[in-house]
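One chain, chain A, appears in both complexes that follow, with chain B as partner in the first and chain C in the second.
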Partner chain A sequence: MNDMRLIERAVNMDDIKISARKVQVYYGDNHAIKDVNVDIQDKTVTAFIGPSGCGKSTFLRCLNRMNDTIDICRVEGDIHLDGEDINDKRVDPVQLRAKVGMVFQKPNPFPKSIYDNVAYGPKIHGMASNKAELDEIVENALRRAALWEEAKDRLDTPGTGLSGGQQQRLCIARAVATEPEVLLMDEPCSALDPIATSQVEELIDELRTDYSVVIVTHSMQQAARVSQKTAFFHLGHLVEYGETGKIFTNPEDERTESYITGRIG
Partner chain B sequence: MNQEHISSAFDRDLEAIQALMVKMGGLVEAAILDGAKAVTTRDIELAEKVRKGDAAIDELEERINEETARTIALRAPVSSDLRVVLSVLKLAASLERIGDYARNLAKRTEVLADQRPISGPDKALKRMSKEVQRMLKDTLDAYVRRDVELAEDVRQRDEEVDEMYNALFREFLTFMMEDPRNITACMHLHFIAKNVERMGDLVTNMAEQVVYVVTGEMPDDTRPKSDETAFISGET
Partner chain C sequence: MTDATAQPLPQPEGKKSSILVADAHTAKRNAAEGRFKAYGIIAILIGLLFLVALLGSIIFNGAPAFTQTRVTLDIPLNEDEIEAAEASIVKTAKYNDLVGTAVAKALADAGIETDMEPDSLLRMLSGSAGSNFRNRVLDNPGLVGSTQTFEFLASSRVDGYLKGRVTRDALVDDKNLDAAHLDLVDQMREAGLVNRGFNLDFILGADASDTRPEAAGMGVSMLGSFFMMLVVLACALPIGIAASIYLEEFAPQNRWTDLIEVNISNLAAVPSIVFGILGLSAFIQVMHLPQSAPLVGGLTLTLMTLPTIVISTRASLKSVPPSIRDAALGVGASKMQAVFHHVLPLAMPGILTGTIIGLAQALGETAPLLLIGMVGFIASNPPEGLTSGFMDPNSAMPAQIYEWAKRSDPAFYERAWGGIIILLLFLMTMNIIAILLRRKFERRW
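This part shows the complex of A and B:
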């Protein structure tokens, strides 16, 4: 496969961050995820695509145990983060979520100031011993989220007063403030205009140098633009998982082909 | 992929650009046959028709360029759809080149009509042109039917065209050595033979595009090649 951006897109196949084996998810009697095996690489953007209800968000939520909060939801199988079983009884989900951060579809800043939104996580995880350290963490996080220039003069104004795109970047700043190793993004751009979308995509590309990013998106073009690896889900199955350039030029599976070319919904 | 898109307008766009390309192919097939016929029968009227007909071929290529650019911009095709769009663009470019060679055949008819007749090579030239036209027809059929086997067959057949060209090359050398007054006609006839041989190469490239459209990969370069004229000297 001759990928013109081969060098930029080259990924180290050995560096596996998350390894999932035979994952099943049930909502009551509904078998939502069927036997999914996947290795997610470090310092790579992995896109999950697929029609609504295919299980991509459900699977994403398994990766930081967000499904624990749903009573009728049952997860089976092994998910290892750096070789450790995240569903082990000894793993504290709160600690896990500090390592595996998440950004949601709709920007959901806390009804607090911009500063407090970002400082919240580092505070509860005791990452700063004094105000100066906390200031630095907040500034760094806002810079990483490309929001510092716009927000530095209004840090004590409510986060909810920002525009939609800024709010989403604030949520990303909040997620990166706890220095996660993996960042999960569930349709982070679906509520944003094209400019804000480009900014978030640019940010995702930068975050890739330090984190493993997993993004669920309905926009095939977005998956093609930002990711190095793409996974296609359909009816709870992981149908195809591979290099993004390959998936979008010559996928192996006919269902993938049908979906990305707009033939099945 | 024979399933239809959810967006039927996308299907119509893809069908439209492919139809334009196939139509262009039909015109080019006719240009090859007419060009060869004009040359071998020294028919100046037919030659004029071929020269004028090339404008229609060029126009179609322009339209294909515009329509494919539009489809890429508006539909952002991926995978097999992208291959269709890219292949139409490349096939149209090859067809345009073949059309130019056919026009060149026609152009040389006038000069040849004034030269002393060399009748021997005419039959071979006609046969060679006919074979290239058949290869083109099969390539277009293979494209429409997404028939990789037929496309592979076309690729293999280019060797025969190369062999016909080699034989003609030797024949022209002989004629020229026999009598220097044959040189002008033979030079023109040689260019004609070379142009037909080049048409065959372009058709072969087109057949490779058909394989690419269907499989997503260009075929391996195992095609036999037989143009030996670079190693033939007049002394043999």
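This part shows the complex of A and C:
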């Protein structure tokens, strides 16, 4: 079972899920992202690292067009998901976001029950035709987020009553429930303690079997632990992108080396 | 460790200052803080004093309006007399004569001696006694031939005498009653003919003309206010919420929305009389809706309440954390789904509170009603049915209070204060509901 997965993983490693070319993002007059080119592979964890304000979160939000919700934000360049331009006029961002799920920095469960939190996405996308199917989706999502054992007896209690780490896993379950193809995570562990962080990291590693995961993180150790590919952003530029092992041991760019050795950032 | 604590603490030689004594600068700062706290407490005490004075004077002046003096009389309903009265030209005059005779007879039965004519005795009763008598006889023709007990309202002078408002000295120049009447009242009271009881008619009844303050009630104007509030609720709530949701969640941020925003804020500060004249020209002169109708009043008050509702709704939408919207959009909800499934339910307590405060403001508003003819003596009966409730001339509670306050008879003055008590009770109830709603639906995230 495990071996088969490994083979499958190896086979799919080279599939490019998202490719971005010459992406520019402006906040009003501020040029936040400059000329970013990147290919994100399927069934891989890609980490975006870099100092605060370097644009990694902004770029992440381009991938499911969450920047549309910010009035002054303007995105230029090509971002293709499976070869289709996500900024095409025909693309409904709502449909895109169902394919490209997102987990945010701060756990943000809806102030509803745990069940309703997870069931909301499947419900609005019409993924379940009856209660039994919905129950199954909810259970699977919670299992995948490693929250089922803790939450199964209190599905009708408010999601906001969980601990921080549980809330973040609930948000991951909520994102997973809509069966996205790509999962974007914007510093998912920054509000969590080390134990919760390690649980979420384990989870990210498991999610890699089905999804392409893109994670923004401040912690270089975390990037090294969970990702296969790492991209280093600095002042809006994508400085270096490559195998995680190579970035951390033998970076090509001077700025990358300065950052990972702690001289900048 | 224990050795260390056992050692005496080092005492530095020639230290500059001790923290045990406040230095001049600190003392000055503390004194300033103490003074400021004292000012605050004084300000609050002054506020409380005014509040107590206000409530005290309202209750002291208004409470008597809730009791009313009545005169109990047994009147034989003689068929011939009633036919004769119906045949006369001024029917109630004849009925008044019958009541006057009944008063004289009741006095004689009770052993109270008087040399006054029935005509003069009748002045102790409300001017409406004759017509009340007639109405009851006409409503129940079967009663003719028997002797019935009637309770008539005492005149406002007699009522005021029992409440301590009217004195014998005050009646020297009075055309209606003189001191002799009051002596009679004392005796009648001992004989049980005159009673002072709870005045339900004040709460449920209609306004009465200048000469009969004892018959005036808030009931019909209360219904007027009720129908106006229905109009305000039905118009202002959907329009206000729709406008705020659009402005807050969907509208782009540009010069036009900024302009609209500034104007809405300004509208909230526009004097209410301006809305009154707008209502007059728009609803009555252009749309030809009837004057004095609660429908027009409600529409005018809607104009006035809208900015309040829009501002409070926008504030409560704004207070919903953006992370909730992100969460909904992140799982692929559309903008509208995010707003209606998540943001609106969270903002609801704030919206409801704002709406109720807006309604309470509209309920207490008089100025705009002046211009659309809802302030004045509108002698109407309680409306029959919904259409009549919205379209027939009516007053409103604050307008009724204003109307009473400017009439000359001091008995109306007492009713005005009583009306204020009723109005304040309504406003207090609405505010309590607002607080309860906020408590019940308040959620933390």
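Rule of thumb we're sticking to: the second predicted complex is superposed on the first by the 251 of 265 C-alpha atoms of A that agree within 3 Å, B and C clash if a C-alpha of one lies under 4 Å from a C-alpha of the other, contacts with A are read in each partner's own complex, and residues count from 1 in each chain.
We adopt the following convention: contacts are C-beta pairs under 8 Å (C-beta built on N, C-alpha and C of every residue); 3 or more make two chains touch, one makes a residue touch a chain.
Bear in mind that the values here come from a model prediction, so they are computed numbers and not experimental data.
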Chain C versus chain B on the shared chain A, clash or fit after superposition: fit
Which of chain B and chain C A:P251 touches, first, second, both or neither: first
Chain B versus chain C as contact partner of A:T261, first or second or both or neither: first
First (chain B), second (chain C), both or neither touched by A:V94: second
Residues of chain A touched, compared between chain B and chain C (which is higher): C
First (chain B), second (chain C), both or neither touched by A:Q221: first
First, second, both or neither for A:T160, with chain B first and chain C second: second
Touching partner for A:N108 - first (chain B), second (chain C), both, neither: second
Chain A as apex of chain B and chain C, Cα-centre angle in degrees (nearest 10): 140
Superposition-derived minimum Cα distance between chain C and chain B (Å): 29
Chain A positions touched by chain B in one structure and by chain C in the second: none
Contact set on chain A toward chain C in their complex: 64, 66, 69, 71-72, 94-95, 97-98, 101-104, 106, 108-111, 120-121, 124-125, 160, 171, 174-175, 177-178
Chain A contact footprint on chain C (complex, rising order): 252-253, 321, 323-334, 337, 341-342, 346, 443-445
Footprint of chain A on chain B - complex, ascending: 1, 3-7, 10, 76-83, 216-217
Chain B-facing residues of chain A, complex: 220-221, 224, 248-251, 254, 257-258, 260-265
